[in-house]
Amino acid sequence: MTDLHADAPGPIAAGSLAAELRKACASNWDAYVNHPFVRQLAAGTLETASYKHFLIQDYLFLRHFARAWMLVAYKAPDLNEMRAASQTVDALINQELQLHVETCAGWGISEAEMAATPEARANLAYTRFVLETGHSGDLLDLLVALAPCVVGYGEIGARLAADPATVWDGNPFREWLDLYSDEEFQEVGRGACAQIDRVARARIGSDVTGSPRWSELCRIFGQATRLEIGFWDMGLNRED
Amino acid sequence: MTDLHADAPGPIAAGSLAAELRKACASNWDAYVNHPFVRQLAAGTLETASYKHFLIQDYLFLRHFARAWMLVAYKAPDLNEMRAASQTVDALINQELQLHVETCAGWGISEAEMAATPEARANLAYTRFVLETGHSGDLLDLLVALAPCVVGYGEIGARLAADPATVWDGNPFREWLDLYSDEEFQEVGRGACAQIDRVARARIGSDVTGSPRWSELCRIFGQATRLEIGFWDMGLNRED
Amino acid sequence: MTDLHADAPGPIAAGSLAAELRKACASNWDAYVNHPFVRQLAAGTLETASYKHFLIQDYLFLRHFARAWMLVAYKAPDLNEMRAASQTVDALINQELQLHVETCAGWGISEAEMAATPEARANLAYTRFVLETGHSGDLLDLLVALAPCVVGYGEIGARLAADPATVWDGNPFREWLDLYSDEEFQEVGRGACAQIDRVARARIGSDVTGSPRWSELCRIFGQATRLEIGFWDMGLNRED
Amino acid sequence: MTDLHADAPGPIAAGSLAAELRKACASNWDAYVNHPFVRQLAAGTLETASYKHFLIQDYLFLRHFARAWMLVAYKAPDLNEMRAASQTVDALINQELQLHVETCAGWGISEAEMAATPEARANLAYTRFVLETGHSGDLLDLLVALAPCVVGYGEIGARLAADPATVWDGNPFREWLDLYSDEEFQEVGRGACAQIDRVARARIGSDVTGSPRWSELCRIFGQATRLEIGFWDMGLNRED
């Protein structure tokens, strides 16, 4: 497990705070990025019903995730950070969500049906934890709560792209693999990492991991990582 | 089930909005107030490990619940509503939480141990849903999200007090039964119901159940009720 | 004064709630849209120092105004309302703010200089009142607090366009007049009015002006209108 | 001016962060604590109409100030900090506000009259700035925004108590002098200072004044201090 982290592919640069946060919850991170749901996606063996269940919940998730990025923009200290957050919101609402709608249409699920589906508890727990962390804390707390999703999906995409076991031809989940392994998504993840480093430096200083706040940041990142595992579980087992 | 609701004991007065909200999610409400966890508490047959697991999580829950009442006070339109919310906070922090600390001490669990326990996912989902509902909406949305807990525990207490099957003598969970069946707690529940009626009239008007907002209020109340069921499940099955 | 309101030009449609809100604070509204600052802009006689002072403060204002629209998006009940708010944010950050930067550059003021200028008290009072109204209340309260700016500037632009006394040729403030009288800005104002009608119907019902909440909505709209007057005063008198 | 700060009476302990924040805005702090309104209060020469105007606005101010302390409690990281904030809220709502009501009654002003008075712009600017700072930032930002009021009134009370020029016998504002020079109020101020030191250490580390965040904290404290000056101006000149 540990050597995978030493030079893991994906958006998390060695030496970044995201790399330190990931290290601090290594076993949970491993369970997240190598989850059976992910491996079955990559192998093309995931049950269709699980994928549909996941996709619909992920559509609902993305709406709250977009709201969280609105809160990032609200809490941004200047116009540059606000513009960065606003572009992420735009990408989420007008691109990623749109792709979900199209993919679901291909699986016979209408947007109205998705929007009317009740949120699964794992979904509710994750989204509301992130949003409320933003209200309780500051911009840094919120960015750290958002990180496991943004950088984790990027790492998963990059891992699968680098993994010879990944099935591309005829994989029914090919669109998903393409989306998250794409260079454009990797760039979003690298941007999120850089933003955490920048904001942490402004809010704490140069010695972030030595600051008394570090354990709380690790707690937030670890909690969000566990909630990602719960989200995969929910998809795999089609939990309400 | 239905005739139980016609003249259910507890703080919910016939004709109140809380009575209408409860009716709108009747089967979930029934599953909540008559949950096996509750029946085993009343019979004195609940496994001790489940009770301890529940008590510790409930201690963590109450802290966030107190935060939610702080938000009620923040959103209160005048000093009277602010004072009412502030008194509830005081009761939660200085009485109910204190009682949990003492009860847990009796079961050999220190406050430090409770405070250091990670929140179970069912706990996280419930508390953050309520808090975030307060940030998304207005005072009425927040009060409706808080209602299933405040008035539901009151109804459970009153039902158990009225139920000849409830075991009082030698019941190891007697303190819990006493707390929630006590007239003082019933009064807290009646106050919460009256506050919902008052705030709904001010925010919507006289025809609340006929307003387009009613379905959304029922959705919030129903969601919180399902999260209460999840909380009992978590206690019973000692879920993380 | 009153007959001006009967068929005032601009984005506020007769019969809309915005028209009712404006009527409820008619004399303040009149003082706002016919303020000496506005008349001197239209005549081309405003002192350059006052215009520069105003422009810099308006640049600072727009950043907080964009934050307020982020909060609108956060509180939006569905993806359509979220997209609408997100487009407004985009227009504010990438177009209106950008125009301010260019206009100021033409007057010899750099963006860095603007960003480093302390907020005038009238600016602080207005922006923070709007933002905090959003946190205290719901989406409707926030939209009503935002309305005097969005629809008022549209009405001012339309009035000046319809007023034969407006000087266009050689007016040093021509860019300002063009921006707010432009059909594109009128459309933004009409969209904001339609959104208020839509959200009010969803949150209160069909009889908004007859609801007990109406007086509070008028209070919010009236307060924001007075803060607009204060903003013009601040510009005219170059107040800190 | 500077030597006054070296050993200023009041709740700010030498070496505390509050002492550093005060030093960073020394001339504004001086203008605040030695404002003509304060000196005329101490001499008993303030115009009655100014005092009444101030008292009514201060009554309205205290409600929002209590809301800000609710937000402190909301953002508190643990039960101890939550209890501390909750006690401050209790003191504000049930003691300080009550004293204002009684004092005003003695001046012939009813609580209903006070509650119905529109907020002056200086009041609006100050209260909403503090509250919104809490939503934008974290607990530390909020505590620093609250500090000039809590510790400043304590310092003013202590200065006047130590100043031989202060008129006590027959001073019509004696109740005001007593309230803020009282040991109980000094203790509230010392508590607020200690809380800032504690939270800053937890959120930043041991070198708070050397951290990149320090300039932003000084900006918040300085802004709130200027808004205090504006509040005295508003009282003295009976501004709306």
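By written order: A, B, C and D. Residues from 1 in each chain.
Operating definition for what follows: contacts are C-beta pairs under 8 Å (C-beta built on N, C-alpha and C of every residue); 3 or more make two chains touch, one makes a residue touch a chain.
As the structure is a computational prediction, the values presented were derived from the model and not from experiment.
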item	value
Chain D against chain A, contact positions shared by both copies (same if over half, else different)	same
Most widely separated chain from chain C, with each centre as the mean of CA atoms	B
Chain centre separation in whole Å, for chain B relative to chain A (CA means)	33
Centroid spacing, where centroids are CA-atom means, of chain B and chain C in whole angstrom	43
Centroid spacing, where centroids are CA-atom means, of chain A and chain C in whole angstrom	37
Residues of chain B touching at least two other chains	74, 135
Graph class of chain-chain contacts, one of line, ring, star, complete, other	complete
Touching residues (chain side chain D, partner chain B) in the complex	63, 66-67, 70-71, 73-74, 78-79, 82-83, 86, 89-90, 93-94, 97, 115
Residues on chain D engaged by chain C in the complex (per definition of touch)	121-122, 124-125, 128-129, 131-132, 135, 223, 227, 230
Chain B to chain C touching residues, read off their complex	74-75, 77, 135-138, 141, 201-205, 207, 210-213, 216
